[in-house]
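Consider the two complexes below, in which chain A is the common component and chain B and chain C are the respective partners.
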Partner chain A sequence: MKYLPLVWKNAWRNRRRTLLTISSLAVSLCLLGVMMALYYALFIGGQPTKSQTRRVVVRHKVSLTFPMPLHYREKIAQVPGVEEVMVMQWFGGVYKDSRDQRNFFARMAAEADKLFRIYQDYRISDAEKEAFIRDPAGCVVNRVLAERHGFRVGDRILIKGDIFPFDLDLTVRGIYSSDELDDETLWFNWKYLENMLRNSPRLAAGTFLVLVRSEEEVPAVCRAIDAMFANSEAPTKSEGEFTFGMSFLSFLGNVKVILMSICFAVTFTVLLITANTMAMSVRERVREVGILRTLGFQKTAVVGLILGESALIAIAGGAIGVLLAQGLCFVIRQGPLIVQQTKTLAIEPPVLAALMVVSLLVGVLSSVAPAVSAARQNIVDALRFTD
Partner chain B sequence: MILPLSYNLRNLAVRRTTTLMTALGIGLTVAVLAASFALVDGLRLALEASGHPLHVLVTRKGADSELVSNFERRVFNDLKFKPGIARNAKGEPLASLEVVTAINLASIEFPEGANVTVRGVTPIGVELRDDARLVEGRWFTPGRREATVGRLIAQRYPEARPGRKLRFGRGEWEVVGVYDSPQMARNSEILVDLNQVAADFGREEVLSSALLRATDEVAHQALINELEADPRLNVRARSEKEYYAQQTSSGDLIRYLGTVVAAIMAVGSCFAAMNTMYAAVARRSREIGTLRVLGYSRAAILASFLLESLLLAALGGVLGILLVLPVNGLTTGIGSFTTFTEIAFQLRITPQTMAASLVFALLMGGAGGLLPAWQAARKEILTALREG
Partner chain C sequence: MTDDVVIQARRLTKEYIRDEFHIVALKDVDLDVRRGEYLALMGPSGSGKSTLLHLIAAMDRPTSGAIRVLGADLAAMPDPEMARWRNRHIGFVFQTFNLIPVLTALENVELPLKLTHLKKGERMEHAVTALKLVGLGDRLHHYPRQLSGGQEQRVAIARAIVTDPDIILCDEPTGNLDARSANEVLELLRQLNRDYGKTIVMVTHDPHAARFASHIRYIDKGELLPEGRKPEDWS
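Showing the complex of A and B:
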């Protein structure tokens, strides 16, 4: 510890080099931080939001694209622990021009009177809620989505049907927000589908959304529902809403491998950068090491000085990197909704700890070789050394 | 007077470790960019190689994909005798009514399961796929619950290998063969008998699409125009090639991610290159003074140091490409937002990617080397000689 001022002075002997190294580390570690945060949020520490823990999605076992008979609703409602069951159907369709990615958002049909009972995190005025429930051609839209497209209460929205053989002509009856997660969804009244598909076999449930009495009962409810339909025409697969969302991840390609490779490449680059700097720095002061040794510094002290300097630089880079990463996470949170985890992306404590460990390791590993070789050098040779 | 290139090369060689470490840093950055391009290119090439130039795909008007299309058998019967449709040896029109659906299968890469296309076709449909050749087993028998799967399906989904049984619809389907098609997207499909699968899903009258083969290129365009213009049919007709080409947008996110990551890494690598070059300049202060005394101009010094940095970066670029070459040919899958099923494809490192990677590396070298080279050129002769 008493050598700290010396380490500090040494670190600043070549100001530009140290600053360049720290900036380089900071930028790379910022990237590593964001990638680790993504990996953590997606595969390790992602948590369902509070109201989500009680919601269960029931879908056709074979594929989400297969419908289930509507009478399942009454059967599911009988399962002990189930508080509410709502029929949902993905409408798809085209809003304005499908070639513009921004025009893509979820358009779901759902039973209007149940929607706000199941999504307890949705906030909407009572007047708007009532208007939505009363209007069989009404819809409610999420606040973020409404802002993006300029939807206001009373506006008409036209959606061209593609999965379904008819178009939607909807009136915005309300704009809702969420305490937890803005899902950028348009919900329209199930009665619209009922009216259009009277007597058609197409009138069926895409998914059922179930509200369970308590989080603890969720696994039992899922098992009970799946067991009930196991041998029927349409076997089901029930899972928590959060897990259900995760199943879309494979759609984006092999995210796990991609994130891992990026993390690996970045870590290795950081190691190279620091090692290079330390090697340069040590080479410059072979003579100085000789003088230190004549003054009575032990070999271990010399090694410690150099390791300490490198660790100091690496940790400084890491700390700035974490701050930058927090900033980048903020930017990502503002971005489009791909998976719900990107909406709450942040550098969580485990990721922070991992980053600092990586920084420290990089600092130490990168300078072991130059430090040991400097300390081993014969004093006389070192003093005679000219670069 | 210009300094000879060998001067720079020898200087780089003398500081081998530093050179190698800096170059490797640049190389890894390049590798990330090249790998993301390899994914996107692989997907694009797979889709571009899909679709027969004479084929016309007919769906319901307004449907972007076959999966969401409701195509009535009645409409098919109305259009299959249109002029311009080629005929087979027996004189039947080469028009295939097809039904497309998706099932969820566990793969080696995604054990939690991915959506796979199941396509019901008639013998004419198999005939239209005449470029597909059986690599194992046989084609499914019409009227039986049998399936012939694409090569990539058999490779990636253990449940869909010959001899195994798939469970979907109202029962089991026996996998009896594997086909391989030069049209990559086709290899991600499971082919079964049209009437069997349509009955299973209650879609005897409302199917998905029709695939037609035109007699020649002129007839191909004429056929599309005629189908599109017929108000009674109310269908969307397009060339099969165009249909696959539009699915390349699935790779957009990966392209975006790869570019952003590589750009951020590039900033880091740039700083590292700058460090190395500054060290080179500082160390060779006397040398620079001497060169100036010998009559080399400031511009020559600037050019020489910049060139050295570019050489360093080029070495990095080459290392990066070498690092990423092993991924060439790996198979992976990505979801198509058009079909909502998985398309399998192979990663491809194209010559363009290699060129772009080198340019990217040189940009890093240029940006990192400019300031140090400028500093070297600005040195006063006397101070330079006294330094070091």
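Showing the complex of A and C:
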């Protein structure tokens, strides 16, 4: 501790360079922090919500874009452990200007009378729920989505069809919120699709949403459903709702490898930046190292002083980087829902610890070589050194 | 080595290889310096004066020969022990002052004390005393850039004496000073020798500075000349 003032003063010897180094470290570690936060949220820390653990999504085994016959619903309902089954269909479509990212949100057709039995975490008034069930052209909207677009009960929402050959003209019958996760979804009445696609082969189920009696029974129910349709015209793939959501990530490629690659590239770059700064900084002070050694400082003490200085700069950069990353996570949380983990994205304690360890390592590794080299120099040569 | 002799060199030789050149900086030097002595080492540039000083300060190792300072065999001493020994027994004053620019006068003087077991308050007390002794009690919190050359050198002397070393080694201490500041520094060194009994070895090529010492020895082409003898071309 008695060397801390010396370390501190040395670190601020060239203020502009130190500030620039801290800034570059902060920006790099901010990026690294967000990548690590994403990785953590997606692959380590992400957990299904309480009610999600009982929900199963059944889709066509080949692809999500392949429909399944509607009569599967009755067969699935017979599977032991199944409490409720609901047909669900992704409508897609365009709301206002599709170039504006804020206009992208999920628009799903669902059986209105079953929606709130399966999504038990949804909160809506009984009056609004009944109005939604009664109105074939009705819809309910998540509170966050409604606030973003200013939707109110009674408003009309027009969605231009793209997958389906018709447009939706919906009336907001209710606004729901969730105890667990605001999914920013617009649910409209399945009867709308039935009416528009009457006698059309396109009237089919995109997915079935199943409520299972208990979390423990989910694997057995999934196996039973898939076994039931294994040799049918449309074999199925059943999985927990959380896992189903995660499978969307695979559309982006090998996200794990992409995130890890970015993390390593950022760390390596930041290591080079700091190493360059420390090499310059130490080179300017070879003579002072000679003075310290003349006064009786051991080689190890000199190395410690230089490492301490570098670590101090790196940790300062890391701390600012963490704050910036928290800010960036906040911005991402406000953006459109892509996967549910982005809605709770934050620098969690394990990520924070990892970032500070990376900062410290960058600080130490970047200055080891110049520190050891300076300390090992002959005292007389060091005192004669002129840059 | 009698108790009175604090520095003893026997057939002390130092050779360097610089690029492809083989340089003999010191050759078979025999030297005895007694406790309380104030020795001026004189000689032309490149004669080996500073090299001898560096060997006495344990800042460098001889190529051959023996050097004992305060009874310690410096040639055989391992590096970490040498650093501790230097801190405890040697005070070094450079021609170019060599203060740490980011530290105040007080912090510069405190620096060698950080290697001791003294507490912060005690370190500060010692450093203030040393600075007062060199007449800089009113410049404690000044940075080197805020001091004149003479004041910087006095801070350097305060740093050299703050650990109360047995031997003070000065390498051209007045080389970068004007006449007035040089005299102040030389008076100060004489005072340290006379009043505090410090053994001083000063390298200089300034005859005026050398006159402040009690003995003068000359070095020429790496060889220490017999007492009383000057280099042939020395004016």
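Keep this in mind: the second predicted complex is superposed on the first by the 342 of 387 C-alpha atoms of A that agree within 3 Å, B and C clash if a C-alpha of one lies under 4 Å from a C-alpha of the other, contacts with A are read in each partner's own complex, and residues count from 1 in each chain.
As a working rule, a contact is a pair of C-beta atoms (placed from the backbone, for glycine too) under 8 Å apart; a residue touches a chain by one contact, two chains touch by 3 or more.
Every value quoted in this text rests on a predicted model; they were computed, and no experiment measured them.
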Exercise. Does the superposition put A:Gly296 against chain B (first), chain C (second), both, or neither?
Worked result: second
Exercise. In the superposed arrangement, does A:Ile379 touch chain B (first), chain C (second), both or neither?
Worked result: second
For this session: Between chain B and chain C, point out the one touching more chain A residues.
Result: B
Exercise. If you stack the two complexes on chain A, which partner ends up touching A:Val94: first (chain B), second (chain C), both, or neither?
Worked result: first
For this session: Quick one: classify A:Ala220 as touching chain B (first), chain C (second), both or neither.
Result: neither
For this session: Kindly classify A:Ser28 by the partners it touches after superposition: chain B alone (first), chain C alone (second), both, or neither?
Result: first
Exercise. Does the superposition put A:Ser63 against chain B (first), chain C (second), both, or neither?
Worked result: first
Problem set entry | Common ground on chain A, meaning residues reached by chain C in one complex and by chain B in the other | none
For this session: In the complex, go through chain A and note every residue touching chain C.
Result: 2-3, 5-6, 9-10, 12-13, 287-288, 291-301, 378-380, 383
For this session: Please name which positions on chain C make contact with chain A in the complex.
Result: 54, 57, 59-60, 79-80, 83-84, 86-88, 92, 94, 98, 100-103, 107, 111-112, 114-115, 120, 159
Problem set entry | chain A partner contacts - residues on chain B that touch it in the complex | 17-18, 21-22, 24-25, 28-29, 31-32, 35, 39, 60, 62-64, 67-70, 101-104, 109-110, 112-115, 167-168, 170, 201-202, 249, 253-254, 257, 261, 264-265, 267-272, 274-276, 278-279, 283, 332-335, 337, 340, 342, 388
For this session: Using the touch definition up top, name the residues of chain A that touch chain B in the complex.
Result: 16-17, 20-21, 23-25, 27-28, 30-31, 35, 61-66, 92, 94, 98, 101, 160-163, 165, 201, 233, 246-247, 250-254, 258, 261-262, 265-266, 268-270, 272-273, 275-277, 279-280, 338, 387
